[in-house]
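Note sheet for the following structure.
Labels for the chains are A, B, C and D, by order of writing; each one numbers its residues from 1.
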Amino acid sequence: MVAVIALWCVAALAIVAASATILGRLAVGTPIIYAGSLVASLVALAAALAHLLDPHAAVATLTLPIGVPWLGTHFRIDPLSAFFLIVTNLGGAAASLYALGYGRHEAAPLRVLPYFPAYLAGMNLVVLADDAFTFLVAWEFMSLASWALVLADHRAPENARAAFIYLVMASFGTLCLLLAFGLLAGPEGGYVFATIRDSHPQPVIASLVLLLVLVGAGSKAGLVPLHVWLPLAHPAAPSHVSALMSGVMTKVAVYGFIRIIFDLVGELAWWHSLIVLALAGLTTVLGVLYALMQHDLKRLLAYHTVENIGIIYIGLGLALAFKANGIDWAAALALTAGLFHVLNHSIFKSLLFFGAGAVLTATHERDMERLGGLIHTMPKTAFAFLIGCIAISALPPLNGFVSEWLTFQAILVSPQLPQWGLKLMVPSVGALLALSAALAAACFVKAFGVTFLGRSRSHAAQTAKEVDRFSLSAMFILATLCLLAGVLPGVVIDILAPVTQSLVGSVVPKHAGPPWFSIVPIAESRSSYNGMIILLFLVISGWLTALFIHRFATRATRRSAIWDCGYPDPSTATQYSSSSFAMPIRRVFGTTVFDVHERIDMPRPGEMRAGNFQLKVFDPAWRMVYGPLTRLVDTAANRLNALQFLTIRSYLTLTFSALIVLLIVVAAWS
Amino acid sequence: MELILELAAQTVQMFGVLVIAPFLLGITRKVKARLLRRIGPPMFQPYRDLWKLMHKEAVLAHNASWLYRVAPYCVFATTWVAAALVPTYSTGLIFSWSADLIAIVALLATGRFALALAGMDVGTAFGGIGSSREMMIASLAEPAMLLVVFTVALVAGTTQLSTIAAAFTEAHVGLRVSLGLALFAFVFVGIAENARIPIDNPATHLELTMVHEAMVLEYSGRHLAMIEAAAALKLTLYFSLLVCLFAPFGMATTDRSIAALALGGAAYLAKIALLAALLPIGETAVAKMRVFRYPIFLGGAFAAAALAVFLLFVSRGL
Amino acid sequence: MIAPLDAILWIPLVAVPVLALVTDYRLGAALNVFASFLTLAAGISLLFVERVRTDVFIIDDFNIYLVTLTAFVGFTTSIFSATYISHELEIGRLTPAFLRFYHALYQAMIGAMNVALVANNTGLLWVGVEVATLSTVMMVGIYRTPEAVEAAWKYFILGSVGIALAFFGTILVYLVAQPVLGEGLSAMAWDKLVEKGTALDPKLLSLAFVFLLVGYGTKVGLAPFHAWLPDAHAEGPTPISAVLSGLLLNVALYALLRFKIVLATNPETLDVGAIMIALGLISLVFASFMLYRRRDIKRLFAYSSIEHMGIMTFAFGMGGPLANFAGLLHMTMHSLTKSAIFFAVGHIAQVKGTQRIADIRGLSTTHPVLAVGLTFGVLAIAGLPPFGVFLSEFMLVSSTFARQPIYAIILVFGLIIAFGALILRLQSVVFGEAKGPIGKVKASYIPLFVHLAFVLIAGLWLPEPVVRWFRAVAAQLG
Amino acid sequence: MTSISFDVAHLLAGSMLVLSFLLLYQDRITATLNVFALQAIMLSLAVAWQALIQEAPHLMVTALIALTVKGFVIPAALHRIVRRLGIHREIEQVIGGGPTMLTGLGLVALSILLVMPVGQGVSLLTREDLAFALAVILLGLLMMITRRNAVTQIIGFMSLENGLVLAASGAKGMPLVVEFSVAFSILIAFIVFGVFVFRIRERFDTVDVSALDRFRGERSDHS
């Protein structure tokens, strides 16, 4: 039933996409298309939620006679896909709502409208697919639709470059997944997931599949060093699409990983988790460090997605480690942490991209060095964005903290793991996670502080107008969800229970029991957290303090000029900028992690010319991985190109040589 | 009835830390002054300072936003709540389970987040420099702190402060290399987090290397009072944590009689007073560091804490 | 009532002299379309009548869909060509006299390909392929520019050597069969060869296959015998590029596969699969790299044809039900997609007045419909879903990796290299700031989008009979 | 099959191979043309002999075509072209005579190696014939790729084709041989015609690389 509803929603999205090619020409088309997407997403969201909450819900399957001829197309809804349907459609609904307002500013609607619902449909299909072919078709369709969306503003050469790199890497990832499915399905082509589940793969095959899936799904999710497309492509798309790409599509990639590794392969060795954890730890720290170095708001957010993917993968890696050692309850905890973060990140990353989009609409600027002071001109956006910043920085009492807290709890269980490799790896990853959490806070102090606080650095920022109601309501709904998931984490954990039950055969204890919505992942004596109480405490103590001061002290306030130690400078350029904010951290980590090129041209005392400081930060992944690769292809292409310019005689010589070689082969054989 | 008693115990702790916090600051200042052969302000001077500040008119820059005005309360509230949740004289208070050690560290981070934002609100170079450096220091201190948390949590098998304290008072934990390393790291982190020498100098506004004071440069009146109070509370919190994690003896655990509680309270007060006196002694002995030496300082803490965790993982008996 | 089989052979044969005599080029084009339509109708009706099997002709699972496909692409191309050439006439690249010649040759080529496909005789197959080749040689050179003449000459010389070698292979097959099947036609008939396959001398048969591989491989465009292909595609009229890539390469591959079926019946022959795998992979990887330095848009897609012929050859070399199925599907999909791409490219070259990729920019701004057509075509040929090429590549790659991981990795490597090049060029042509003339497209879009629609449908759903034929042939191919 | 018929066929085929070597050895165009004419005549004799021993009179037609077209008409035409183009002096060989001959010997050895192990199902005569034909074909190809001059390359191709006809005539009872030989003659006529008409293509390949670049239109622009 739910599968049918979800498929109808996908079909509805497809129809909306098709009609967008015509409606897109009309002014009324934009709201109709987005409203259609909104309704379809909401219906799918409701259906998935109902499925996951229903304790008696059975796994639903559906087969359509299309696709691989003799197999058909299989769809299935189990708790895992239901959960990811929720994530997908929540993001989709929010983005549609946001776009009802934001989309009106689109210069060329025909380059966005048809692809947006198609993109949503693709993501939903990935989650619904129950055979390798359907999965990959949907997977690549999703890439394709988002590729078109990245190219929405196709005149900018950097967008074209971003789109190109994106599509090539997406396709590379798909091919890796294809190889993985090839291994799992065997030469007979048992592509249906049910068949794969029943065939227990050899350890060697399982290892290969893990590597391939890490690369395949990881390149989509943005694991370092496969992340390079992400900070290019995500910012290039229109902001509601950026939100989907960062907030939802990367989660669909995570879904792919979970589906194949946890569900289809099932049995893995403990050292597999070592690889996952190492990659995840690296991704977490590098992602946030690169994010800190950005001054393009949307690119900062995109890089930060890399960090969050790392956090999610830490949870998944831990779950693998525990599962391989048969500690199911801990595996359930780690998986819950990872999945909780999936939900959280999809919410606040969408929110933040919406905010960035609002800033972009209001100021036509993405460069933080030209923004500032928007809290005065766009107070509502600023507030929503602030909530997102707090949440993503993993600060209590919002939701980001809860998932990170759960991850820490899972890490603290790890002494129970018997293997030495894991004993050493897990605390290291824990340290990296702690480091990244602190850096994330720095990153978002910078993002919010430079963009919204201080004095406006450009005229555009000074004259910005608050955005429309649709955009605002989308942002505020997500901000509310951030808060709700933060203070009522038990509800989310209970929702996740069927998922972990189906994947690792255990659940985190139910949270209906403990009072006041506190969460107790293992046992009460071990650890517990109560976001609700913390929030109440904060509110009450803050309120008490304010009351006390207002009652017993003074409320007198005077407005005055900035003091600034007596030397205020009216130029807005004297404020701390984005790159100066990041400078201490750049210095600390610069030599090891970044390719930083600083050039300082300081006038000598007495010289009248202006000083000059140039800063370039490169992602070393380009230098170390992609640069050599590109050069290799380039060289090979150049060398081989000589073959286009030979004489006919030379071509005949080629033919002749090939013939002789083949004849010698035959002679040698006979 | 029992509930009321429990609530009362919790309330005592909550307001207790608030009351003693300025006093601790007074002690440190007094000791420091004596060490420098000055007479120094009276020990109760911080109370008077706060009271005075609260009654002064708050001066806001023209372009200060609502965030600027809310941040001090926010900082104060988070620090207060965090401090109230660290067991001082007794374990197992009614709300102790609502936040564990990790959550307390994170609550402090929330306060810092608010303050760093406030530092950037008016748009001055000083505010920015303060926020930027504060976040840099935090980014180095927080992982070290969390590794300390790991160490303690792994030894005690829990991240719940009450349980940790109870475990350390009752069970025979003994002296452990890991805990020693963790203590070392914790002290370093505490110094950095509380803006003490050699990381920062709480006594001055006009030094190029200043961090915390640069952030709050524009604040005045009741807002400044809140921030100062929060700073004092934070110091108290770190003292309490140190006491709770590494020297929990005397704390009331299973025995919840008035006598036991009173004993716990007395022990607690004695311990933190001692710490408040020790801090300036250490501070007087060292010089302020340059900013870019901080990573080495905090890196040392991180390394010590990491070593502590690894030792625990490698051999759970150490 | 004429039998459909006779019809597909006679209609082009009659059309050749008629078209050569019609002086009005419009009438000629219309007649060309009409003849192609009749051939298509005959080809389709072939599906519904009883299968023929005589000493000379045969209709079986293998060629039945290829005949229909050839007739279909021949028909759509004739529609495209009818609108295309009038523009060529306007700008003076062709004269009416040459058009008579062109239309006659077009029918000759279609007829020859039909002969090759339905022949139940190795010699007749050879004749068909060669006549088709020679007629395309002349069409390639029809513009008489130095480049066109050079391309045609290269095609002619390399083609002739291929013809000769394929003929020698054919003689060898006859020599092998003659002691078993007796003298005369029966020693050249497919069905008899397959029946008595095990009795044939395996050594000489293997030797024969090598010559056939080099000979017909030249026609297929396998590297290193490919040299004629890019230039012939680039310099000839675009409809000819479309049928070259879409049909002639297929027919040559079909010829090779027929021989492979014979070899597959005899287990003692040389493992020709390995040779085909090697040639296929060489072609794929080589063509993939060659795509990067192309400046001429038609040459670009010509190299892409080499790449795809490599994939098919690889697939048939791998063998097994899945890989063979994938190869057959790929043959069909490639022929539809590549001809669609050439239709689009033809339109582009006409409106922009150039084939230089660097001079074509921002097509999506100036010609949105055309841009959509080209984009879908290129995405399809690059192997992206939901188009049919993806289905075949899916089966091929996944089944290969489970059997021969190394081959699959080379295959994937070639695919991703080619993918990069195609997307790079696609983006530069379709997106960015518009450049060049913005005149309207005069030729018909219908063939382009009909082809793409078929490719799209096939990617999602294959009709049951097609699946049945493919599986039957896949089983035969071993 | 009597031994005499076998010996004669063997002799004729063998002499074709020898003539192929002679072709490879020649370094002047006119001499090459003459040797080729001789090979064509030898071919017609061989085919005629096959017609006799296979009692296949239609092969006589093939022999006749070989004799007239390739023995007389084409050599005469080529002589004219050579004179017209003024290239009757020397032959540009890509590699020297010695290596070419050595390669040729290797090719003959390869042909024998390939055909001889073939099973007894195929008669000895056919096999011998086939080995010679294969060698002639390979030598023809070798000639095509070792000469720079268009006329000699054509001769190489025709020599190759002689090998084909030899093989076809040796295949007992093969249908359509005559038609094939006619088709090939037409093909060769086309090639000769092409060389004759497009005199810009005096050679298959030209030393002047820049001219080629202009034609191919790919290398000249540097975008």
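Keep this in mind: a contact is a pair of C-beta atoms (placed from the backbone, for glycine too) under 8 Å apart; a residue touches a chain by one contact, two chains touch by 3 or more.
The shown structure was predicted, so the numbers you read here are calculated from the model rather than taken from an experiment.
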Of C-D and A-B, whichever chain pair has more C-beta contact pairs: A-B
Far-end chain from chain D, centres as C-alpha averages: B
Chain B and chain C, separation of their C-alpha mean positions in angstrom: 77
Chain B-chain D separation of Cα centroids, rounded to whole Å: 98
Interchain centroid distance [CA atoms averaged], chain C/chain D, Å: 31
Separation of chain A from chain B, taking each centre as the mean of its C-alpha atoms, in whole Å: 35
Touching two or more other chains - residues of chain A: 644, 648, 652, 659, 663, 666, 670
Residue numbers of chain B (touch at least two other chains): none
Multi-partner residues of chain C (each touching 2 or more other chains): 153, 157, 161, 165, 203, 207, 293
Chain-chain contacts as defined at top: A-B, A-C, A-D, C-D
Touch list for chain A against partner chain C, complex: 65-70, 110-111, 132-133, 136-137, 140-141, 144, 151, 154-155, 157, 160, 163-164, 167-168, 171-172, 175, 178-179, 181-183, 185-189, 191, 633-634, 636-638, 640-641, 643-644, 646, 648, 651-652, 654-655, 657-659, 662-663, 665-666, 669-670
Residues of chain B that touch chain A when the two form their complex: 54-67, 73-74, 76-78, 80-81, 84, 95, 97-100, 102-103, 106-107, 109-110, 112-113, 116-117, 119-129, 131-133, 135-136, 138-143, 145-147, 150, 153-154, 157-160, 163, 205-206, 217-218, 221-222, 225-226, 291-292, 295, 302, 306, 309-310, 312-314, 316
Of all residues in chain C, those that touch chain A in their complex: 153-154, 157-158, 161-162, 165, 203, 206-207, 210-211, 213-214, 218, 224-225, 227-228, 230, 270, 275, 286, 289-290, 292-293, 320, 322, 362, 364, 368, 379, 382-386, 390-391, 394-395, 397-403, 408-409, 412, 415-417, 419-420, 423-424, 427-428, 431-433, 459-462, 464, 467
Residues of chain D touching chain A in the complex: 94, 107, 110, 113-114, 117, 138, 141-142, 144-145, 148, 153, 204-206, 209, 212-213, 216, 218-219
In the complex, chain D residues that touch chain C: 114-115, 117-119, 121-122, 126, 130, 133-134, 137, 141, 144, 157, 160-161, 163-164, 167-168, 171-176, 180, 183-184, 187, 190-191, 194, 198, 200-201, 204, 214-218, 221, 223
